[in-house]
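Presented sequentially are two complexes of chain A, the first with chain B as partner and the second with chain C.
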Partner chain A sequence: MPMYTLDWFANFGFSVLRLSTPLIFAALAAVISRKAGMLNMALEGMMLASALAGVIISGLTGSIWIGLIGAVIVGVLAGAIIGFSNLTGKTDLYLTCIAFNLAATGGTVFVMYLLTGEKSTTSAAIKAFTVPSITIPLIDKIPLIGKMVSGHNLLTYLAFLSVYIVWFFLYKTRLGLRLRAVGENPKAAGSVGINVTRIGYISFLISGILCGLGGAFMSMGWVSFFMKNMTNGRGYIGLSAMNIAAGNPVGSALAAIFFGFSDAFATMIKGRGGNFPTEFIEMIPYIATIAALVVMNMIRMNQKRKIEKGLKQ
Partner chain B sequence: MNKTRRIETTVELVRILVAIGIAYLIALIILYAISDDPIFIIRQFVLGPLSSQRRIGSIINLAIPFTFTGLCFCFMYAVNKFNLSGEGIFMFSGCIVTLTSIYLGKSGLPPVIMIPTLLIMGALTGFVISLIPAYLDAKLNANIVVVSLMLNSILVFLSIWILKYGMRDPSIGSLGSLPIPETARFASIFGKFKIQAGIFIAIIAVIVVAIIFYKMVFGYKMRVVGSNPSFAKASGINMLGTIILAQLIGGSLAGIGGACEILGNYDRFKWSASTQHGFDGLMVAVLARRNPILVPITSLLLAYIRIGADVVNSKGDIPIEFITVIQGIVILLVAAEEFMGGFKKRLIYKAAKDDLKSDKEIVVQEILADDESKTEARKESME
Partner chain C sequence: MNKFMKKAMAVSLTLAMIFSLTACGEKNQPSKTGGSSGKGRIAYIVGALGDKSFSDSGEEGMKVLRKEGWDCKTVEAGDETKADKWEDTILDTMDEGYEYIVASSTFRDVLLKLAKEYPDHKFILFDDLMEESEIPENVAIIFYAQNEGSYMVGQLAAGMSKSKVVAVNVGMDNPVIADFVTGFVEGVKNYDPNCKVVKATVGSWTDPAKMKELCLTQARDKKADVFYQVAGGSGGGLFEACKETGTWAIGVDSDQYSYYKESENPELADVILTSMLKNVGDSFVSLFHDIDAGKDVWKKVNRLGLAENSVGYVENDFFVKNVPEEIRTKMKETQDKIISGEIKVKSYYDFANESEYQSLLDSVTP
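What follows is the complex of A and B.
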């Protein structure tokens, strides 16, 4: 049994925030799509493509920042492909996303093999670059919280900042208002002169930026290389986080942090060895999502029933 | 009216062929571009899968699970529900069937009883699992895609847990179950082709599903509910019952598929990740345009391309993964309504114009004839 000292708690808190980072990005990307009225299942593939792009581009150019921008650009491109297929090609969105995820899982391995000759990871072939960590001056002196909050990767702080940015964008800007209008009722939005297709494209592109950052964190922050299927369901967990909060950016981020917590918990128990079935901890995000959906819809149904009752009287 | 439908069917067929053609062409171009010896590799890709009895056998063996999951998605599609639980069911049913077979193996049941029991077990697993998203969707209006996706992940972890703590064989190094008893395994038939006996179950499944779809009242109800819900409601069809039952049948088929796969091709259960058979089945159903009769054909096609990639993988230095990119492109092209949509519209427009022209001619003739008769009548009256 390890000692549950202050240090231990600080370390655990630190890893919770670290593991939450990609989930927050994914959840926010899902929020943007959801507010535009779409369920973006392709987050997984978009993040995976960006993760590979970040490693390759930074390796080729020798610059972290160009690599980071490259990852974001690839994320945006992925969003554009899905948008084109769904909005211009009129392909069913679910099918588009499944096809994209399929293509990204195999395609990243294929590209990695072509460039490095490796099939599982780029760690040996490409020089590693990581986005720097930042120590926050005064805060890192505070005993427990300092160690938890300070010294994270730049992208972790960006993830938390993004929560505010996405909230501000959705609720305080004209474009955000239009995006939500399209999501609520595309026909009504179209009738007052909003270009529904263009808003759809914009939502996919913003989703792409966020996925690009999330993917970059996976391969240039969390670890310093690309690994086959390294997102490992994080896109879907981000999607669940959004679903639990019904598309609210702050709620989605909180749900993402909660899932980061369960992830850190599972990792810790695995690390301690022993015979505890971690499978059930790993199931938490998925079970929580289904439970939240059930509860939310039950409440909604009840309200509807009450309204109907009231109308009859 | 019928003309339009005929044009739609023709265009549909041409579209699928063009999509597959484009995807195949892209595959060939990729192979050509990255290989040192492109001619050899392309020949391997195209002819390799057909070059030996063993390989033809493995195409058919691979097509069997695709057929089951493809049929599963035909049902989901028929009632217009995007229930993706087939993916998780396939793996979980394999797990449950293995567990059951290990327990039943001790009692020494003969294969005649053993195998049907296990198949029923697989079907039952699928039935129960697919009930969850179907019920939550029907009763609570919970998004069926999200629920079934989450369910798939849960089933993966559940299968691994059962494997680790319920039936792990400690004597082998890697993670695997205890061996499946001989009495439960399918024989491989047709000598050198080494086809697993599950093929008979797959053929029966296709025939039964085709009968359900096109010869039974339930199939008709199902298709009406899927294509025109308002009409179905107005004509008094039990909507909820039909939608749920269709998904349950689909889930059972995926379950039988998982059972056949594990009993036909494996000696132990050792899947530690989702098998992707569900999503492959989705592609098969999309390619078959939701028509169960076409499912075996598209399954064979997909299996042929997969084995081709396998052959290339073993012969040269080309990674098999590129095939999933091709698969993605095929799904997008076939599912894109606008792909060759202009072509379809033009054809329909032209047919309608022709109709209009001939209609006009008839009308003109009628008017002329009418005029003539009138003038004649007038003449007569004059006289």
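What follows is the complex of A and C.
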């Protein structure tokens, strides 16, 4: 059976893009926080809360779009809660984020139980709604690319669009410039009249919107129901993707796609059956993160040394 | 005013505590008399109820026993993240006077430790297997022949497959799960030696998204067209993938067809040909009947299989409508042969080592 045909590559590419979608959203959410000078570790919990909210609200209202908006609103609310604790309440950001993740893990099950009486999944209790997939006219006719790029969930396209939007926001708008200024040096930014707290809130809220979309993709796109702990660490992988690219939106998205690729690769190997130790492939994202961080730091140190050398001469 | 409020608060709290204490006392009273009337007090320890299969099936058994006059209590001890508290939870229950502790293989280590320390209590460890010589005097083990049930659905899968490639996707790898897989593979091989099996592990019991991706990949690359899930919560992703690709699914533990058919999303049921059943609840009822009748169930493995009706498959209208008669007859024949002992289904526990299991998987990989 000829396996590695053009069709196979198209399907594999399709799989990569789908697997990357939640990772891209999470990575971009991490980018916004990072550029404002914060490490948002609560992405996981924010996505989980949004995933549940999307399912419940769309189930209650019977509308996909209200559900999607609901997921985003819950993401924003989650961001506001963390922002309030950290910026107004002056709590430690890491502890707040860890606490929020734990609360989201238990809290989503609690809310699900209150509303549906189920403790693990809403797949039977709530009518499923999914964000539609879109076939792009003309492009879907191109041989390899068409099959790979066309027919994705609307949220997948939105993820790629968000890369541009986030880049534009950070580097081409006044608010983005201020946000980066706060991230570089909050005291200096404050001294020229930027409201540092307000910028902090804005970064959490934008982070919340992106996590909301990522969460909604999990429960209203990829599958059509909520399951306890269904994000399964994807928020943390998004955070790693951001770290690899040191907060650059395009680089972070590329890293997220690389993680999506290794995930698709592991799935493909697994799907062949037999007993290949797929745990090894599943380590790739984590090993890649460590390797990339080390390599990047080495490059940075090298540059620093060169600059220092140049200064001496 | 403030002081008065504080006092009022204190008084009302004290009253509340007293009332709750008496409430507890009253609650305990009838159960104690229940215990003395001959039947015992049973504590059923589970991770969490609400899984709609394994744990809930056990709870159904407890309900039956309760009606028969046993004093049954179900304790939700939490999942693996609460493992450090399991022992305390069980000890608390024993302190309340429950003499029979029923728990699954998840709690194996804690249960065996307690069995040693508290020889007067009786422990029932279900869904597990041990050398009989190693079982303590006060422990009874219930073992389900999931390999026999899986053998049956393996026959079905091989019969229903047009591409002659079927898939079995599990949540995580452990001996019980490997026993499912072994039975399934053997069943497929017996029905059609040319039929191939792809086996894959999701790596989580709660990642339906990954499961869905896996099934779509198997359907695409390997043309698999019948999928058997032994993956807990991740299984939902398998049903969705089958719906999308127009392939068949086989559920596990409880009747997942009727579960979804009566739910808010009935269209998800229309891919589930049947489910491999593990009647945990029934096994509790029959074990405690044996105990009540004075049979010796302790220090041994109480093996329950097709013959005892503890494992099997669902034969509902949907199954009859969609499975050709030829296959159904063949399945019936196989079932009779297993019950009569003519077919001895190979088990994971028969393998001398892991590599024998691996070579079984390799032998059917397309």
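Rule of thumb we're sticking to: the second predicted complex is superposed on the first by the 302 of 313 C-alpha atoms of A that agree within 3 Å, B and C clash if a C-alpha of one lies under 4 Å from a C-alpha of the other, contacts with A are read in each partner's own complex, and residues count from 1 in each chain.
The working rule: a residue touches a chain if its C-beta (ideal position, glycine included) is under 8 Å from a C-beta of that chain, and two chains touch if they have at least 3 such contacts.
Since the model is a prediction, treat every value here as computed from it, not as a measurement.
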item: Three-chain arrangement built on chain A, chain B and chain C clash or fit; value: clash
item: Which of chain B and chain C A:Lys119 touches, first, second, both or neither; value: both
item: First (chain B), second (chain C), both or neither touched by A:Tyr201; value: neither
item: Set intersection of chain A contacts, chain C complex versus chain B complex; value: 113, 119, 279, 282
item: Of chain C, residues touching chain A in the complex; value: 48-52, 167, 196-201, 203-204, 206-210, 212-214, 216-218, 220-222, 233-234, 236-237, 240, 259-260, 263-265, 268, 358, 361-362, 364-366
item: Complex contact set, residues of chain A against chain B; value: 39, 41, 85, 88-92, 94-96, 98-100, 102-103, 105-107, 109-110, 113-114, 119, 233, 236, 239-240, 243, 277, 279-280, 282-283, 286-287, 289-290, 293-294, 297-298, 300-301
item: Residues of chain A that touch chain C when the two form their complex; value: 3, 8, 11, 15, 18-19, 59, 113, 117-121, 123-128, 218, 222-225, 227-230, 232, 264, 267-268, 270-275, 278-279, 282
item: Chain A-facing residues of chain B, complex; value: 34, 82, 136, 140-143, 145-147, 149-151, 153-154, 157-158, 160-161, 164-165, 279, 282, 286, 319, 321-325, 327-329, 331-332, 335-339, 341
